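First the structure, then my questions, so here it is.
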Amino acid sequence: MRGFHVYILLATAALALVFADRLSSYWMHVAIIAMFYGILASSWSLLAGYVGLFSLGHMAFASIGGYASGLLVQWYGIPIPLGMAAGVALCCALGGLIGWVCLRMSGPYLAIFTLGFAEIVRIILATEDDITSGMAGLHVQRLFDTPSRLPYFYTAFALLAVSLLLLGGMVRSRWGLFLRAIREDEQAASASGVAVARFRILAFAIASGFAGLAGGFYGHYIGILTPSLGGLDLMALLVVMTVIGGMERLPTAVGGAFVVEFLLEVLRGYGQWRLPLFGIVLLLTMRFARNGLLTPLWLKFVQLGEPQAAAAIAARDVPQKDPAQ
Amino acid sequence: MSGGAELVRGAALIKRFGGIVANDAVEFAVVAGDLVGLIGPNGSGKTTLINMLTGHLAPDGGDVVVRGREMTDQPAHVYAAMGVARTFQLTQLFGRMTVLENLLVPGLTRPHSTWQVAERRARDTLDFLKLAHLEQLHAKNLSGGQQKLLELGRCLMLEPAILFLDEPFAGVHPRLRDELIERILELHKAGRTFVVVDHDMESILRVSQRLVVMARGRKIADGPPPEVRTDQAVLAAYAGL
Amino acid sequence: MSWDYLFVQVANGAVIGIIYALIAVGVTLIFSILKIVNFAHGDLYMLGGYCAYYIITLLGIPPLAAMFLSMAAIFVLAIILERLLLTPLYDDATERKDEYGLIVTFGLAFFLRNAAVMAFGPYPLKPPSFIPGVQQLGGLTVTNDRLFAGGVGIVLILALLYFMHRTIWGQALDAVSQSRESAAIVGINAQRFNSFAFGIGAALAAAAGALIAPIFSLAPDMGVLPNIHAFVIVILGGMGSVLGSILAGLLLGEAENLFTAFFPDPTRALAYTNAFGLLVLMIVLVLRPQGFFGRRHLRME
């Protein structure tokens, strides 16, 4: 049956929603944070995995979205969803601008540039503390007044689902083909009629918008924001999550976020060892399984109920030779 | 010489790289129905000219006009949308996308295109190029000759009026090369215009009704092959190799 | 504002600049030979500092000798890391090498930083001075350590320039940076030079770490900012230009120091000093992604 795996995913999602209230508050928090990273990982994978733009500024946009929403709600008393929407809009605009500025930059230069951008944002947020409360943390109005985390769980779930629907839709459309073509060979893409500049800017704008969405939710969930949200540590963690899962596909990126976040909690007893451990896993993944650790699993999953699909996927990689000279 | 509408004109094109003048006030016009061979010793500026005529390189002087429209500062994809297609000296494909997807990309950039139509056209093109059995293969696994054919296919998906082929015969097995030449002649008969750059004189002569010769950044001859081949300036340029 | 104050600021800026130059030269060297940007460079600098610290405190070896031992240790470590992680870069089958180098060195940086927190603890450590005491200039003081760091830094840079320009190994390195194939034809084993280049770059960073440690003390994340500064410098001076890195390093060190000294709002000065460097970086990248001296291969003037 085609698309069998989709039914399984839907069933799992339904089960998760129905049984969510059985989770302890602690594990619910872990799940919510995992979904927060899921939104970030999938949107970053659009940028880095599909288009090939290795931006280190993604968490900075989450930070901008969070602070923008928090401050707007605080100053003008607007409803939180409106604040979050404003944060998203700001991040889209700013992301598009960064994408435009980066048009001529490739690989490492783009990474360094976005790293510089992220650091500048972090420094400004930390230093202008009369506005942002700097390192002490900005108090942000929470979405729900209840002591239970359940409404936040449902909200995060909804936001993740919407993000994946939108991103997935984009990736499966002709735009998805164009983005991948840009990553494979920009010149050939241009010669094929793809408006490369436009799509690079668009990808940045869209990805940054989702980052801003995640950041906005985060602020209104935790209730407090610090400039370290946009810092290198969390950005590096995001890269680790997405690459270990598989940065070239949305499901594996989200899967990577879930798995790493889950393991980080499970291994909490080992304290400081967790992070270096994931560093090693990342290095091993890059060295020996560059597509990501979850990618082979995902491919098998997609083939459920379709035995011919496996053969088709294997057939993609048979080298051809010209007849002997 | 055919007498159709003017498709692409390069007027007084100049391009400098550092201290070198790669193209020195080159005049080059292609008319619908032309079958042009562009030859010249290495470093004569042929690829630079093609890059400028297809929007991949901005000239330092002079203009490019496509179908009567001034193309200053337009990016390459606009040229592609207007029916100017090109292949590259070293084949440039979307390696980790399937053969079919490689053709879908240009197919879907066409205005008003749908997936259904684009897929059908892509499969028809693969049939024409005899690559249909390789549809699901990642492009990087194709042999050298097959890659050249696929690049030609990518051009065709743009429904081009004119195709610039940059060294399509380089390093290609003779049998596949003959295939390529046959396809080019078929397509020309069906109404497409070609400008072919290559060093393989034998092949070029089979696909030229008009021969343009460049040397050291300048156009030194432009006319029917028999005339050009006996032109003194041309012989001098090649003798100086 | 007195001349003495200005002089001290300029001197401090020069010292910082020399340290920056040491780090940046390593980045540029690695870029020109291995063709990748080493995101882990700041953490090699950090490890160099810690290594020297432990050599001094555990083995009782004097600070200057400890610095050289630390350089040697980090040199060896770097070669091991290069063999383990970077060999796919030399394999034609590896795709998107730029991206590989980026992610692997980024991941290495992540690992080293967090491993350092685990191994050395998060609290700052301070190794003993190279030369205790201060110099008096008018009414102001400069610590001996700063002068020593500047001096040794200059010596190391000059040694590197001499090595690159005058010795057969250095010239071979330049040959490899320009063309691996041609170098192979004349019998140079390019593979060995990759390891070598990575090792030397790391050793220079380690020296910088060891020199700066008594002045600013050690912390596991001390390499993050210098790493970013190294990128600013290498891009300003041009990827692959050793001289460019040195000049840009000195320039940035001075500019930052003077910026901090004269910024109108003292409470914000230090924070915005870093932002200033980054802004310069971003502007240069937009205007001229190859920097001001840039060429892809090593330049030895």
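Note that the chains take the letters A, B and C in the order they are written out, and that residue 1 is the start of every chain.
Here is the rule we use: a contact is a pair of C-beta atoms (placed from the backbone, for glycine too) under 8 Å apart; a residue touches a chain by one contact, two chains touch by 3 or more.
Quick caveat, the model's predicted, so the values are computed rather than measured.
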Of all other chains, the one whose Cα centre sits farthest from chain C: B
Centrality ranking, top chain (CA atoms only): A
Approximate Å spacing (C-alpha centroids) for the pair chain B, chain C: 48
Interchain centroid distance [CA atoms averaged], chain A/chain C, Å: 32
Separation of mean Cα positions, chain B and chain A [Å, integer]: 41
Residue numbers of chain B (touch at least two other chains): 95-96
Touching residues (chain side chain A, partner chain B) in the complex: 174, 177-178, 180-181, 184-185, 187-197, 312, 315-323, 325
Chain B residues touching chain A - in the complex, by the definition given at the top: 54-56, 75-77, 80-81, 85-86, 88, 92-98, 101, 104-106, 108-110, 115, 134, 136-138, 141-146, 154, 157-158, 172-173, 175-176
Residues on chain A engaged by chain C in the complex (per definition of touch): 52, 54, 101, 104-109, 111-113, 115-117, 119-120, 123-124, 126-127, 232, 236-237, 239-240, 243, 272-273, 275-276, 278-280, 282-283, 286-287, 290
Of all residues in chain C, those that touch chain A in their complex: 36-37, 39, 84-85, 88, 96, 98-104, 106-112, 114-115, 117-118, 224, 228, 231-232, 235, 268, 271-272, 274-275, 278-279, 281-282, 285-286, 289
